[in-house]
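Below, chain A partners chain B and then partners chain C, in two separate complexes.
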Partner chain A sequence: MKSILLINGNDPKALLNSTLYGADAVAYDLHEAVSANDKDAARLLLQEALAFFDFGDSGVFVRVNPMSEGGDKDIAVAGKGKPQAFILPCADAQSLPQADAAVSALEAANGFAAGSIKLIPTVESVAAVENIGALLASCPRIMAVIFNAENFLKDLGVAETGDASQILYARSKVALACRAAGIPAIDRPWKDLKNRDGFEADARNGKALGFSGKLAVSGGQVPSINEIFA
Partner chain B sequence: MKLNKTGEAGAAESGDILVTVAPSEEPGIQIELSGKSVILKQFGRQIRELIQKTAEENGLENARICAKDNGALDCTIKARVRAAIQRAV
Partner chain C sequence: MKNILGRDIPDYIEGYGQVRPFKGAYASIDPRTRTTITRRSVRPGNKLEPGEAKLLASIEEAVEKTGLRDGMTVSFHHHLRNGDYVTNMVMKVIAEKGIKDIHVAATGIFACHEPLVEYIKSGVITGMSVNYISPGPVAKAITKGLLPKPAVFRSHGGRPRAVEAGDLHVDVAFIAAPCCDNYGNINGTHGKSACGVLSYIYPDAQYADHVVAVTDNLVPYPACPIEITQDFVDYVVTVDSIGDPNGIVSGTTKVTSDPIGLKIAAAAAELIDETGYIKEGMSCQTGAGGTSLAVAAEIKKRMQAKGVVGSFGAGGITAYFVEMLNEGLFRALFDVQDFDLVSVASAGSNPKHMAMSGSLYGNPHNCGPVVNNLDIMILGATEIDTDFNVNVITGSDGTIMGASGGHNDTAAGSKISIVVTNLLKGRLCVLRDKVTTVTSPGETIDALVTDRGIAINPRRTDLLEKLKDSRLPIMDISKLKEIGDKLAGKPDSIEFTDKIVGVVEYRDGTVIDVVRQPK
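And then the complex of A and B:
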């Protein structure tokens, strides 16, 4: 899995076009892309849309809200559309078992095979990076891990300078732990869409450290990610 | 299902539909559909039927539904009607 494209989970037009960019997987976002007032409508839209569209060979994921902020509702409602996995933000030793239990309840309530829906934790805290080996070993549903450098640096209490050496240790630790666990590590998103050279250099850097792919925040990033991580 | 207030969901943007559900004194479900005339001429009847069916499946009895379509697919129409009903309860 090289590219995962983030798509606003409450934008029907974006949903319709989401598989046109050639991403290995699309991730419909209920977290940062959707305002608090529209979470309920977005959950229902994803439930209906996931059952309606033919996604072909593309992986279909839903990025839920943190478990402390309605992630359980996202899983219960949007999950009826049976995505292949849920991306869990702010994953840690507390939230991962909660998400696992919510997915188990979803599978049981809807007749989905037990263990058929996977989890992709986002590692974005100091504690999660420090304990990533234990985190990965704690849940058999984990099919990949995403590293979010921006929130990691916030949790570390330092300002982001733009120098990749700031996150070298954390990035390397995530890549190594995932390789040891036999699952793909997906590198941080690059949000500065105007800085194409920076984006591609960052993708190459991630690949050199052992990442399998990168999160795309725009369809235009997908071809480069696929090429660099090929 | 008894509605207590007006509920709205969706948006007046391309590919979406803005659905407003309100309580009604009249029996049954009254649907007011608007949108591009070329779409309504071709798909208006199907859109109305889908709104009616979705409303009934969600237990709606007496209500007024206003829908402003902007080229929404069936899955979007169903989702927005369901969300508007939930918000009106």
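And then the complex of A and C:
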């Protein structure tokens, strides 16, 4: 899995076009892209959309809210559309089992095969990076891991300088742990859409460190990611 | 009666006349007789009688000198696009003089021409013919049936054909002249209101009964270079300003950054490459929209990779095509209008950047227009049907929002004509069982490239053979329509009254369709 494209889960037009960019998987976002007042509507929209659209060969994921902020509702409601996996933000030793339990409940309630829906934890805290080996071993549903550098640096208490050496250790540790566990590691998103050269250099850097792919925040990033991680 | 495309068209249309039905894109190429005209003679300068000088004091004087009266046809051109002042200035004088029942034969109408709506309502303007019309107040007024006679929609090649044949007789042509001398020599590329080539008005200069140059830049004789020569110009009028050159800039003249547009463009270029059209001496034309220019960008990459030099780029010219010319990717440009100020500057300075008249561009009834030499044509569409007929005139609610421009000229002339579009526009699928209005007949459209698949016209068995092993997502056009309909649903049919508000002439002067007033 090289490219996962993040799509606003509350934007019907974006949902409609989401599979046109050639990403290996699309991830419909209920977390950062959707305002607090719109979460309920977005969950229902996504439930309908997942059941209606033909996604072809594309993987279909839902990025839920953190478990402490409504992630369980996201899993219960949007999950009725049966995505292949949920992306769990702020994953740690506490939230990962909660998400696992919520997904088990979803599967049982809707007649989905046990274990058929996977989890993709996002590692974005110092503790999660430091304990990533244990985290990966704790849950058999994990099909990939995403590294979020922006929040990691916030948790580390340092300002982002734009210098990739700031996150070299964390990135390397995530990539190594995932490789050891046989789980694909997906590198950080690049949000500065105007800095195309920086984005491509960062993708190559991630590939050199052992990541399998990269999270795309725009359809325009997908072709480069697919090419660089091919 | 129904024409060959099954469009329901009366034999006779009030305000238009007897209908010659469309019989096929190449059905009327027989020899044609051109009209004759009567033009005034001008005595030598030192033999002029009082009042015979070409240079007049005002538009009002020009209206008087040309004998403009009720029931006449006046013509204008649209190279100043949405920055044009001349059309409104002249029509204001005509209205103030109490002249009625005027036919406005404009090559293009834009939002800036909103004052014409009042002249339509007051009976000053009773008929119009256009090659291009942008969505806006005049288009809405025509749609609402405010014009007593149906508007006539022609193509960029069809209009000069009509002028030369006498089908469209122009009594007085008003030329917005960015650079002009006192004896009527004109160019469009110099002066504060430079707008580029003035190609669409050349036939009017040659065939109108009277020709008036309206300029805001009177230069010493002779104007240099000369684009329209003095022997065609009766009078010259100076005004403070003929327009705003910034208004000539089209809405989008840059390569799109939209990833889906880029995907469509890449697929179109791949299709062109796989069918063998990217080769030494190739010629190419695209629209000025972002996706069309993205196709040009993809073609450029492939030309560079193959070391190919094209013969010419054509049509409305953008900075992107100027760049390709300057980089040696084309040997020349054939230009009918300039979409941006870079193109204007190039048209005025580079001898390889050549003006072509509308007739040279697309008139089917001459010894061969440039579209006949065109290899690749990239087109847009508002709607396209499963017979590949294209509509660029009416929108999803039946409102007039465009006109052929060069669409049906280039589709007919080019070796491969490709429509590029998103399959879904807004909430609707562009593919229909039958388009609302036919602009270009399906027999001239070779391929449809969308974000969700590609359809090849089954008439082009040669293309299908070349593409049989292609990895492109090629499918039957009905299958593509199914995909669109599944996502967007089938829209309700538009209901129309019986009133015909527009007559759509194919480039050869036959009637390919009519526009009825939506309910």
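The definition used in the following text is that the second predicted complex is superposed on the first by the 230 of 230 C-alpha atoms of A that agree within 3 Å, B and C clash if a C-alpha of one lies under 4 Å from a C-alpha of the other, contacts with A are read in each partner's own complex, and residues count from 1 in each chain.
Keep in mind that, in the parts below, contacts are C-beta pairs under 8 Å (C-beta built on N, C-alpha and C of every residue); 3 or more make two chains touch, one makes a residue touch a chain.
Model, not experiment: these values are computed from the prediction.
Visitor: Pick one for A:40: touches chain B only (first), chain C only (second), both, or neither.
Guide: A:40: touches chain B, not chain C.
Visitor: First (chain B), second (chain C), both or neither: which does A:218 touch?
Guide: second
Visitor: By the touch definition at the top of the document, which applies to A:48: first (chain B), second (chain C), both, or neither?
Guide: A:48: touches chain B, not chain C.
Visitor: On the A-aligned overlay, A:16 touches which partner chain: chain B = first, chain C = second, or both, or neither?
Guide: both
Visitor: Which positions of chain A sit in both the chain B and the chain C interface?
Guide: Touching chain B in the first complex and chain C in the second, residues 16, 53 of chain A appear in both lists.
Visitor: Within the complex, which stretch of chain B touches chain A?
Guide: 9-10, 13-16, 72-76, 78-80, 82-83, 86-87
Visitor: In the complex formed with chain A, which residues of chain C make contact?
Guide: Touching chain A from chain C are residues 257, 259-260, 262-263, 424, 451-452, 486-487.
Visitor: Given the complex with chain C, which residues does chain A contribute to the contact?
Guide: Residues 16-17, 20-22, 53-54, 218-220, 222-223.
Visitor: Using the touch rule from the top, collect the residues of chain A that touch chain B in their complex.
Guide: Within the complex, chain A contacts chain B at residues 11-13, 16, 40-41, 44-45, 47-49, 51-53.
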